[in-house]
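Multiple structures follow.
Okay, so subunit A shows up in both of these, paired with subunit B first and subunit C after.
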Partner chain A sequence: MKRELHDILCCPVCKGDLTLEVLEEDEREIITGSLTCAACNVVYPIEEGIPNLLPRNRDE
Partner chain B sequence: MISEQVYQPEADTYLLLAAVRDEIRGNERILEVGTGSGEIAFALQEMVSCTVIATDINPYAVKAARRRGIEVIRTDMCRGICSQFDIIICNPPYLPTQPEERIDDWLEYALDGGPDGLLFIRRFLAGISCNLAGDGKILLLISSLCGVKTCEELFTDTGFSFVMVAGEMIEGGESLFVYRLQPVIQSEK
Partner chain C sequence: MKENIFEQYAEEYDVWYEEHRFLYQSELDRVKRFLPSDTSRIIELGVGSGRFAVPLAIPSGMEPSIALGRMAYKRGIAIVRGRVEFLPVRQSSCQAVLLMFVICFLADPMVALQEIHRILVPGGFLVIGFIRRDEKSGIKENNNRKKGKFLAHARFYTCQEVAMLLESSGFHLKETDSRDEICIIRAEKR
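Take a look at the complex of A and B:
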């Protein structure tokens, strides 16, 4: 995902803002990282360039 | 090789794509909900200067779409997206499917519309308004299998005005239609 995409993403549960953390990035985009919803205390992964914003079970 | 778990372009895909092309003026922000193989989003981003973003719930579909260079998000409809779009496109799952007919694989998400075929469409229309820009519009494909009249009543009930912008007869007596939906503005008297 491109960095700009972060601006339009939100927590799928509370619709709140997400904090971006980048682990791997090339010249075009973010490959691996995470998006954290502080309000829900949930981390949504970015893997293979794709943010996964499906609600997550607490034990996952 | 594209996974067998991903909906591949069919007549409905191409009918919707043609209708979308007719609607685009350029520079619109476009969201495709349930992009599947990414056929429509791919064609649009190749063709126009629009911003195209796509979603799908299916892990194989998002990978297939990304391989085609599409900016894709894995989420349920547009749950993980907070911005607004000028055009929202959707070729929903609309096949009427009884619980005992379900096979529970990822491709089924692209097909199964619940017992009356309208399960996804109802959820989609109920939640979509917050992602539509002020003069934004939805281009939604429906099939005669879920009942044209029933769909039109649903559009009205969920607060949308509608215009049928494309139609096509396919095999087995089924007809496909594309509707342009816009929220009805509540005017003050």
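Take a look at the complex of A and C:
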């Protein structure tokens, strides 16, 4: 996931801001990390360069 | 259930485009006429394995299936895993959206079109392509038509039905190409 993509992403459920955490990044993009919606208390993972923003609630 | 099919048979879905090159190319040619020459600001929703985004030079896409999304990613498309009905994209942040052969798989197309309307900038546009249901004869039985087992789970719409959904979602229809079994519409955000 390219860093600049974070600028247009939001929570799929509440449309609020997502906090980006980067665990692994190369010269092109973020490979592993997460996007967290504090309002929904849900962490959306970034794995193998692909953020998973399928809608979830905190119990899933 | 629908998404499990795409996960399970992703390779089969993808290879359809190799096995039906003529039909695939004609679909590409038709949709290309609806897009600007610079496609770098377009996002394709339901991008699948990237069979449209790659030749149309569309840089990014969204796809619920991880198996298909990984194929598109390997082909150079920036992928976000997500659903059209719950777009994880900020309001008024996209110039244009492409939606090819997706509406027939959506549980609630109205919600999806409203979401697309939300993420587009004012004056931004949606290009939507779909297999149309004929008003008189229904969908034609054609084994050569797209991806047999996948379409068993599809719900087809007439051009008029999609046009009405678009208008009701806040779009203004600009251009329509309805031939053979396929309809392509370009609609602008009002």
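Throughout what follows, the second predicted complex is superposed on the first by the 56 of 60 C-alpha atoms of A that agree within 3 Å, B and C clash if a C-alpha of one lies under 4 Å from a C-alpha of the other, contacts with A are read in each partner's own complex, and residues count from 1 in each chain.
The criterion applied here is as follows: contacts are C-beta pairs under 8 Å (C-beta built on N, C-alpha and C of every residue); 3 or more make two chains touch, one makes a residue touch a chain.
Just so it is clear, the model here is predicted, and its values are computed rather than measured.
Student: Kindly say whether there is room for both subunit B and subunit C on subunit A in the superposition, answering fit or clash.
Tutor: By the criteria stated at the top, subunit C and subunit B clash after superposition.
Student: I'd like to know which partner A:1 touches here: subunit B for first, subunit C for second, both or neither.
Tutor: both
Student: In the overlay, answer first, second, both or neither for which of subunit B and subunit C A:10 touches.
Tutor: both
Student: Does subunit B (first) or subunit C (second) touch A:51, or do both, or does neither?
Tutor: The answer is both, since A:51 touches subunit B and subunit C.
Student: So which positions on subunit A get touched by both subunit B and subunit C?
Tutor: Comparing the two interfaces on subunit A, one with subunit B and one with subunit C, the shared residues are 1-2, 5, 7-12, 15, 44, 48-55.
Student: Quick check: in the complex, which residue numbers of subunit C touch subunit A?
Tutor: Where subunit C meets subunit A, its residues are 60, 64, 66, 69-70, 73, 78-83, 86-91, 93-94.
Student: Which residues of subunit A touch subunit C once you look at their complex with the stated criterion?
Tutor: 1-2, 5, 7-13, 15, 18, 29, 44, 48-55
Student: Help me check something: in the complex, which residues belonging to subunit B touch subunit A?
Tutor: Touching subunit A: residues 53, 57, 62-63, 66, 71-76, 79-83 of subunit B.
Student: Within their complex, state which residues of subunit A touch subunit B.
Tutor: 1-2, 5, 7-12, 15, 44, 48-55
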